[in-house]
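The two complexes that follow have chain A in common; it is paired with chain B in the first and with chain C in the second.
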Partner chain A sequence: MGTYLLDFDWTVMAPELVIVITAALLTILDLILKEKHSYPVTKFLSIWAVGLAGYFVITGWGDSSYQILADTYRVDPFSLLFKGIFLLGTLFILLFSFAKKRINEYYYLLLTALLGAMMMVSAADLITLYVGLELLSISSYILVGIQKRKKQANEAAWKYMILGGASSAFILYGMSFLYGLSGSTNLYVIQQAVQEGLTSGYGAFVYLSFALIIIGFGFKISTAPFHTWAPDVYQGAQAPITTFLASISKAAGFALMLRVLILAFSPLFTTGDWERLVSPLLLTLAALSMIVGNTVALKQTNAKRLMAYSSIAQAGYLLVPLATMGMLLFPSMAFYLIVYIMMVIAAFVIVEQVTDATGDDDIRAFAGLYQRSPLLSLIMTVLLISLAGLPITAGFVGKVLLISNAIYTQHFVITFIMIATTVISYYYYFGIIRQIYFRSPANQNPIPIRWEQGLILGVSIAMVLGLGLFPGYLIQFLGEVDWGSAFQMATNSGR
Partner chain B sequence: MITSYLALAAILFSIGLFGVLTKRNAVIVLFSIELMLNSVNINLVTFSKYGLVPGISGHVFTLFTITIAAAEVAVGLAILISLYRNLGSAEADQYDSMKG
Partner chain C sequence: MILNGEFIAFFILSVMAIGGAVFMINATRVMHMALSLAFTFFSIAGIYLLLNAMFIAVIQILIYTGAISILMLFGIMLTKHRDEDRPAISTRHLGISFGVVFLFLGGILFVIYQTPLMGEGTAPLTVQELGTSVFKQYVIPFELASVLLLVALVGAIILAKKEEE
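On to the complex of A and B.
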């Protein structure tokens, strides 16, 4: 007892504080300055804030885990790594957004969404976790519908809001049972209470709460059969926001899932229920996502919907290590998430530029791209090969890690489904490549690329090829991260 | 005692879910989501009085969910108004321009 607000070492929260202060500052500047003056300031400050927060994440790396605010918020290697991923991704998405004129609200809502994602990965308490989740969700609803005169954007925002709200209610309903068992909202206390509950006849509540939480998380990371919102929302939203949902929002969902399932529901391992119930359930969701995502993508002609189904399939691949557990659980998920975020951001940059320049949302827009912009077609080809998971790209290494983890834990059926659906996915990825090289273009004008987008493409392609050829460094780095510390109380805890 | 409260919450949650999935009027759909969120509040308050370990944090949680639900429904209504302006309809089944 006797810890007060100022006794905590607040520097561990520096990344979040930078983001929240900048978002608040931008809101005020938007009110008092004329738009002509405030727009460049908004662009500059948002980039600056993300960069500074990234700097604080890097300087905080390697410190032991630390809990503040009565153990509700914790900073550990797990959360710092994910925050680094989010900040890098958001930096690229901001650069991507600069291509067009946007309203000021766009930038500070993007920052609050990022803040929500960062809170989610640091939360050790159901209330903090829920507030972070809703901060991300509500900011995303507005961002999806920010073009308020466009019918498709309105419709996408509506569908996202309804299904997102319902899924939040599911998560919350599941959480309420966890609270009922433990009388506390702290995840570590809940872990002990779940342990006691399973042995003293309250198992039904644990399973009920688990099922409800999985349904809610299934919506958030868009796994089948809870994926129906994703194609419509991806199509209706602006390209950078679609990218944000496909990369940052999804990665945050996976981080949250890792933390909640492995922390609150870890007693299910000891009773053997994980192998008997949880693992088959998660594997079914993963297999359904892979099958539905990859087969429905075959008949898509709209480029953004195709990417949406591809991202549903990728969510399925990412869910496999969580279901099977195993030694490579954290390194393989983190590696694939990093690679996936880089691939998906760069791919959306190209999709946006090509469909914009051609004035057509269809994949026909890619016809004859090789004759219009050879370099851009080459980059897109490498990205598609990486998304398909073929060698010398990082996507291949990522898939090999995921598959070898599944084989290592003796799950051969899911391994077969992963390989089979990957082969199916070649068809639609190569459909775009066929358009690029073997179709005649509508006109010969090269696709315009701004320097910000060139920078994103350059960095992504360097990472995709670099990690494809020399994956060892990142794998070793991720292997040495102290993942276990994310699931133990920090030493400065008050309990 | 606790069973009847939990049953009430479960029934309200189910009614809300039913409304979200089947109702045509967009405003009713928003209400149904509120119903789902409020059934959770009943659950939380029940557990903080009659749960295995009674305590105050359930009430605190409820205050947070009420606030967030209000923010969510405000955003929902704003989206609905812009939809109504563009499409001239509050029937949710007419929001179907995207398919595939």
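On to the complex of A and C.
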């Protein structure tokens, strides 16, 4: 086994390389070309890069896991699946962004944010994971603040940067204790050291680092009580960026959390501390997010803030399998994440178009949508039903999977909270539906929808209904993925 | 407690570092804040030196005490700012913040004092070893960090430049 990068089969990094090269190319082309030419080129290149990276992810699917330079980069089914999710989501967000004229750097920053997210799922080394996280975070701070003249955007960017920076500091501080315990940044070495540390009096160290890391991750995936930044940031940022934060950024946070917690802190399972301490802690966070997110959403009248609180609640649902573990941990989480991303992107597309056409950020903007654009209001209705988790939609199947995993592992209190808060959430989701059908519109003009947005809505609605009616294929596919390989050493065989 | 040269040096340096930080928070002029921060950075470099981390100590002086402080001073001088800046914070807010910070500090001190830390210093890392490690084992995160810096640069430019039209 070599010790230089080129001793390894570096073609496994193809998806990341495509994104890096395109991002670099975009900055250069921006200099060379005139603005008139560079804008369409930028749009085309970013779509092309995401598509090509997606092609490499698909062709790499099914290969055995492979690591480069002591796991500072690794590919396994876990990372490939998440990369696929990020690329599909980013493709839609790029299409969504085309609706308005934006500066070229917008696309460059979106690609680097995507690169950060991709690196966060393809390493088992704290340094790569942290740099990936920061790449995603810093690109997002800039993207939120890109509208300099808008006061709300400035406020959002400041809040996001300060709280995001503080949460990164918490994660880094927690990681430093892990490094101190093991003398290595490799998660497998850390796992060994934690195992030994727990039996030789270093238990307090492990818990301190765990607590710090959980606080940091809590901010990143916006679970209560660390959620306060989310509504302001979601409201202040441009709609595609809000969508990116609510979908890709959150999914990347969850993937990172899965990898770090399960790898570094797995010795806690054998000592029984996971069941005794960690699981109740994570369940408390999940329960708080569901309760706070869903109850505060009841009072919201701003459409984007309402979606922000809804996404806080969804983070709570997604946290449950990680806390309870169990057979369906990965399939249920991956299924819900895929469905959630599709729902949230499509819902934000409609929210943006409707509030834009009406010139009002309030959910009043939806008043009488049925009379203005019947097809659009039907799509929105299906999406809201899916977000609420009612039958024949994919959201229902996802929630059933999450809840059945909680029941299977005999956590009945959290199951009750999940069901109760879901019922509460009907109220505000149906509040929008009531506006759509039972209120009279301000005017009769139909809502304009561009073809890119039509494409996003078409694909999402097909997936939400398709996976709601025939969820078996995806569940079977996710069930057959070799999740365990993400947490075992890569042997680098077969290359 | 053994009163040797190392302990005295550590004591002086840490008092300087903490003193600088306290001055930074309490100063009313922005310029004083920047200078006290530079003072703290400098003292921390001394602590690194005590810990046998020569390379980091030099880098700390070069980057933090030198570059960052100068950058901040330039930033202050080149931008319009109100010289006396005293944000109004309610006492309740202040109390809560201090309470949380003290709890946090107490928790961390408790854990550190409970843990049997072995006092065997490792051999100082040479610059050569550091370089080998960065460019061999950690070359991927290193390259990723350069993308990160580029992003920060692009971001700084688009946020700072005047809008056209």
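We adopt the following convention: the second predicted complex is superposed on the first by the 488 of 495 C-alpha atoms of A that agree within 3 Å, B and C clash if a C-alpha of one lies under 4 Å from a C-alpha of the other, contacts with A are read in each partner's own complex, and residues count from 1 in each chain.
By definition in this document, contacts are C-beta pairs under 8 Å (C-beta built on N, C-alpha and C of every residue); 3 or more make two chains touch, one makes a residue touch a chain.
From a predicted model like this one, the values you see are computed outputs, not experimental measurements.
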(request) Considering only touches as defined above, state whether A:Ile142 meets chain B (first), chain C (second), both or neither. (result) both
(message) After the superposition on A, what does A:Tyr108 contact: first (chain B), second (chain C), both or neither?
(response) second
(request) Give one of first, second, both or neither to describe whether A:Leu5 is in contact with chain B, with chain C, with both, or with none. (result) second
(message) Tell me the contact category for A:Trp451 with respect to chain B and chain C: first, second, both or neither.
(response) neither
(request) Considering only the touch criterion stated at the top, classify A:Ser176 as touching first (chain B), second (chain C), both, or neither. (result) first
(request) Check chain A for residues that touch chain B in one structure and chain C in the other, and list them. (result) 127, 131, 134, 138, 141-142, 145, 148-149, 202
(request) Could you pull out which chain A residues touch chain C in their complex? (result) 3-5, 20, 23, 27, 68-70, 72-73, 103, 105, 108-109, 112, 115-116, 119, 123, 125, 127-128, 131-132, 134-135, 138-139, 141-142, 145-146, 148-149, 201-202, 204-205, 207-208
(request) Name, in rising order, each residue of chain B that touches chain A in their complex. (result) 13, 16-17, 20, 26, 29-30, 33, 36-37, 39-40, 43-44, 46-48, 51-55, 57-58, 60-61, 64-65, 68, 71-72, 75-76, 78-80, 82-83, 86-87, 92, 95, 97-98, 100
(request) Could you please specify the touching residues of chain C with respect to chain A in the complex? (result) 107-108, 110-111, 114-116, 136-141, 144-145, 147-148, 150-152, 154-155, 158-159, 163
(message) Considering only the defined contacts, which chain A positions touch chain B in the complex?
(response) 126-127, 130-131, 134, 137-138, 141-142, 145, 148-152, 154-159, 161-162, 165-166, 168-169, 172-173, 176-177, 179-185, 193, 197, 202, 231-232, 235-236, 299-302, 305
